[in-house]
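Once you scroll down, you'll see the structures, which are given as structure tokens.
Okay, so chain A shows up in both of these, paired with chain B first and chain C after.
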Partner chain A sequence: MIAFSILKRLAMAAITLFGVAVIVFVLLRVVPGDPIAMMISPGASPESIAALRAQYGLDASLPMQFLVWLKAVATGDFGTSISLRRDVLGLLAERLPATLELAFAALVLAILLGGAVAVAGTLLRRTPGEPVLDTINGLFLAVPDFVWALALVLLLGVAFPVFPLSGRIDPVHQVDFATPFYLLESLLRLRFSTAADIAAHMVMPVLALGLPLAAIIARVLKGALMEAMVQDYILLARLKGMSSLRLVLQEALRNAIGPTIALTGVQFTFLIGGTVIVERIFAYPGIGNMAIDAVINRDLPLIQGLVLAFGALFILINLLVDMLVVAFNPRLRHG
Partner chain B sequence: MTAPLLSIENLNAISTRENGAPILRDVSLTLERGEVLGLVGESGAGKSTIAKALLGILPRTVQVTGGAIRFEGRDLMTMPSRALRDLIGTHIALIPQDPQTALNPGRRIEAQLTDALRLRRGLSSKEARARALKLLQEVHIRDPERVLRAYPHELSGGMRQRVLIASAFALEPKLVVADEPTTALDVTVQKQILRLIRDMQRTHGTAVIFVTHDLGVVAQICDSVTLLYAGKVIEAGRTADVLTAPRHAYTKALLAAGPRYDRPDSGLEPVPPSVFEALRAEIGLG
Partner chain C sequence: MADVTASPPLALPAPRRSAFARHLKAMLREPRVAIGGGFILLLLLVAIFAPFLAPKDPLEQDLMLGTLPPAGYAGAEPGYWLGTDDLGRDVLSRVLYGTRVALTVAFVAAGLAGLIGTALGLIAGWDGGRAGRGISPPPGISVGLPPGPPSVPLGALPGSRLPSRTAPPASIGWTRFCRVVRAETQAQASMDYVVAARTIGFSRLHILLREILPNVAPALIALVSLEMGIAVIVEAILSFVGLSVSSDTPTWGGMIAQGRQIVYQGWWVLVVPLTVLFATVLAFNQLGDGLRRALDPVMRR
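This part shows the complex of A and B:
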């Protein structure tokens, strides 16, 4: 039964990805801008333009191009980047981990910070501290990620240069990484000074990406916690002599967390979308930054590969979120 | 002679929301160890306020303006909050009104039933589980092993109320407050639950305050009864005395208003307006 529903979800995921592929493929070819014109020097002969067009398969009909591309993708060949002249899959494998490390660090920050603020707000309910916390949280809700990025650059990069302004790692540390997961790998190999340098590079982009999500989590989770705290089972647990913190964490949280998980999943996909601009601001070598270059250069194979990677990531996140929601709500577990 | 288990002395309370309208007016009552007291009254009579006051869970809109609640001689109203929490946690338990909302939907019965045992008695989870199994057998749950593993939504309303009764008696409290524990249940289940509370009370020697608006329930399980109207004690005494020879006109009218099972065709007799007028004049409601 469970195996069946997982299979069903995977089939749905494949169909969704196929849809994403179709839309991106068609859109990219309808939008004006010629990749060949970007590659070749001005004044090239029509013959050499046609030769190049044929080399990249851009002379065939649109459905034909799609089928050729799809067949290649199915066998793991995402084509060659036109602007970087490298294998798209290789580029993704190199850049995606950088973005994943950034996004997950931001997610962890948002969950810890947002969760702590929600719990603090619930403990402070009906005290003067509650409106203060709510107001500060409201301010954080109103500021988008790229504004945070620029403010952080000015504050912690320029005015008080605490953290490095750009890149992923200081060249001094650029040593023989076996995987593209630099932070994870240096932690696992106990190279703490390298890990600290990578983490320092991540601080500002992670704050920029994580703070808005933290505010959203804090708002939604606090609302749900407040609702749970007036339930009779909380009263009974209070009569047993549980502390307020224990009431919130042990009794209320598990019933309040469902909507927050669902929302965090959706918001996390927005956060990954936000990496495009934030990585650009901090010159962080992830897929978001690469996506902007790919679009500027009309690098069709790379854009297609990137969008598929983003799409697969979103689908995977949604799948995980659904599983988490069920795991936290025993009433959804059967049937 | 030792102090009674519970004595409430001239308790007064007002609502901070409705311009200080009185909620309790000089309420006094005593409860001996092992006794079952019915706290009866219509909605707004103050019976729930008394129950909440002695559980230390009065809403912020209710303010106690005078009087004392003495539990074994110690005044709960002047006790430091930490000591009050410990005293209530160990010696006073609540059987709530609605079993649908009184169990945490996200935790297994075992966790909820053993919380207090682990927290207050310091039992290991194995010992607490054994104790929980025994408690569930005591409240006549047939397959306690399954119930311990179950989540609340997998149990019927009557089963949940049994679990809550087991939970109330888990720490062998000296006083159990039953807040209309049968209102949310089917009529057939109501009788079983009443009998169960009575049985548990007798085996454990626990005193019970039974909050209800049903004089029939009082007749079935209460040793004594205190009748409230608009926050004032109208009549108090042994159940048999009050029910057979009521002194106050309001009590008489209430008894006459109940359905007569021996004469089903006689219809219901509403409390006459003149009785309410006299009652309100007596209390000073004008």
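This part shows the complex of A and C:
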């Protein structure tokens, strides 16, 4: 039954992805802005422009272009980037891991920090500490990742230059990586000085992406915990002599976590969207930064590849979250 | 009997006016509305009177006066209160002029998004069947779509003139309105007053606009304010990456991008527009939150 519902959702997702691909494809070709004009020096003869157009298949009719592209994608060929003159799939394989490392580090930070604040707020309920914590959290909720990133540039990059301002790794450490997962790989190969350098480059972008999500998790989880704390089973556990901290962590959390997981999933896709601008601010070589250049250069094959990559990522996360929600809610497991 | 039929038409105008006055009073009593709204009003005045308020021409370059620090710091020039950027342009004047693009995009984009989203939301919520199913998928999809990435490709869409720059934020913002209005309309449509209005024989359009819309309005007004804050951020992001109005129009996002480039030489070029941007977004958020509290009878209690 579960397998069937997953299959159904995958089919729906494939249709959605196809629709998005069609819209992006048509939109990009209808709007003004010629990728060939962007890559060729001014004064090129009409013949050479026409030759280039033909080379990238831009001279065919719109439906024809789409069919050609779709057929190629179906066989795993995402085309060649016009501005970078490289295989789109190769570029994605190289850049996506950088973004994934950033996004997952931010997610872990957000869950730990947001969870800690929520638990602290629940323990502090009906004390003067509660409104203070709520007010600070409310302020954090209002700061978008774009503003966080730039504030961090000023604070930890310029005023107190603790962390490097741009890039993913210092060239000194740029050694023979076997995979594009630099942080993971250097940790597994026990190269800790390299890992520390990569981590230092990630601190500011991870904070900028993770702090807004931490504030959201803190508020929603605290609300759910407060609701759980007035239930009878909590009273029973309290009468049995359980400490407040154990009460929250062992009893209330288990029942309160469901809605938070669902929300964190949705918000995590927003976080991945935020990597576009945060990577730009920190010149971090992920797919978000590449997406902006692709749009500026009207690099059609690359934009299409990126849209599919982002879309597939969102769908995968949503699917994963739905499965987690079911796993954490016994009532849904047999439904 | 005669009294009962005679009194309503006479009494009608009075409670309406007092209801409006009551709303206005409730709104202004909410400190968030007073502070947030006051700041937005101030920005609006700055945008209108920018040419009179700005001490310098925001476009005038003077390389001899490049990267001057704000007044009070060593090396500051008199007259350049918040310093200059690397091209010698006055930061204060550019920030003042930048309110024009920010507020225009905020008002037009949020207005467009509100109009389109509300119209579609009303139709979809009223008629859960045929029209509803046709309209609801796009906003449904957008739940899984973050505001950032879609707006970046959309940033490439129209030209570099200001009116067309409202398209990227509006083209995503309408889905938020549609979702809220649809849910509210669905809730209202089953209520007794709507059933009564149907029984009397009011047309659909009349019921939607005159009966349901006023009850959806409180949620809508708060949403417009929040949407303006989002539009200001989206515009700043698009200007930051160079996908907005042409570079000779001062924008906060454009200034921030420039400040990021020369952050070691002139931090003020980044700090000033970033502070104003954040204050503006905060003001729109507080205003929206406050309006929701003031207008929603359930929350007011």
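Operating definition for what follows: the second predicted complex is superposed on the first by the 335 of 335 C-alpha atoms of A that agree within 3 Å, B and C clash if a C-alpha of one lies under 4 Å from a C-alpha of the other, contacts with A are read in each partner's own complex, and residues count from 1 in each chain.
Note that a residue touches a chain if its C-beta (ideal position, glycine included) is under 8 Å from a C-beta of that chain, and two chains touch if they have at least 3 such contacts.
Not measured: the values here are computed from a predicted model.
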Chain B and chain C placed together on chain A: clash or fit? fit
Between chain B (first) and chain C (second), which does A:Leu150 come into contact with in this model arrangement: first, second, both, or neither?
-> second
(message) Touch test for A:Ile303: chain B only (first), chain C only (second), both, or neither?
(response) second
Would you sort A:Ala237 into first (chain B), second (chain C), both or neither based on which partner it touches? first
Check: Which partner does A:Ile272 reach: the first (chain B), the second (chain C), both, or neither?
Finding: second
Message = I'd like to know which partner A:Ala44 touches here: chain B for first, chain C for second, both or neither.
response = neither
In this superposition, the partner of chain A with more touched residues, chain B or chain C, is C
Inset, instruction - Figure out whether A:Asn318 sits in contact with chain B (first) or chain C (second), or with both, or with neither. - result: second
Once both structures are superposed, the least CA distance from chain B to chain C in Å comes to 19
In their shared complex, chain A is touched by residues of chain B numbered 55, 57, 60, 85-86, 88-90, 92-94, 96-98, 101-107, 112, 115-116, 119-120, 151, 153, 164, 167
Interface with chain C, chain A side, in the complex: residues 16, 24, 27-28, 31-33, 142-144, 146-147, 150-151, 153-154, 157-159, 165, 266, 269-274, 276-277, 280-281, 288, 291-292, 295-296, 298, 303, 307, 310, 314-315, 318
As the complex stands, chain C meets chain A at residues 141, 143-149, 152-153, 155-159, 233, 236-237, 240-243, 256, 260, 263-264, 267, 270-271, 274, 277-278, 281-282, 285
The chain A residues in contact with chain B across the complex are 126, 231-233, 235-242, 251, 254-255, 328-331
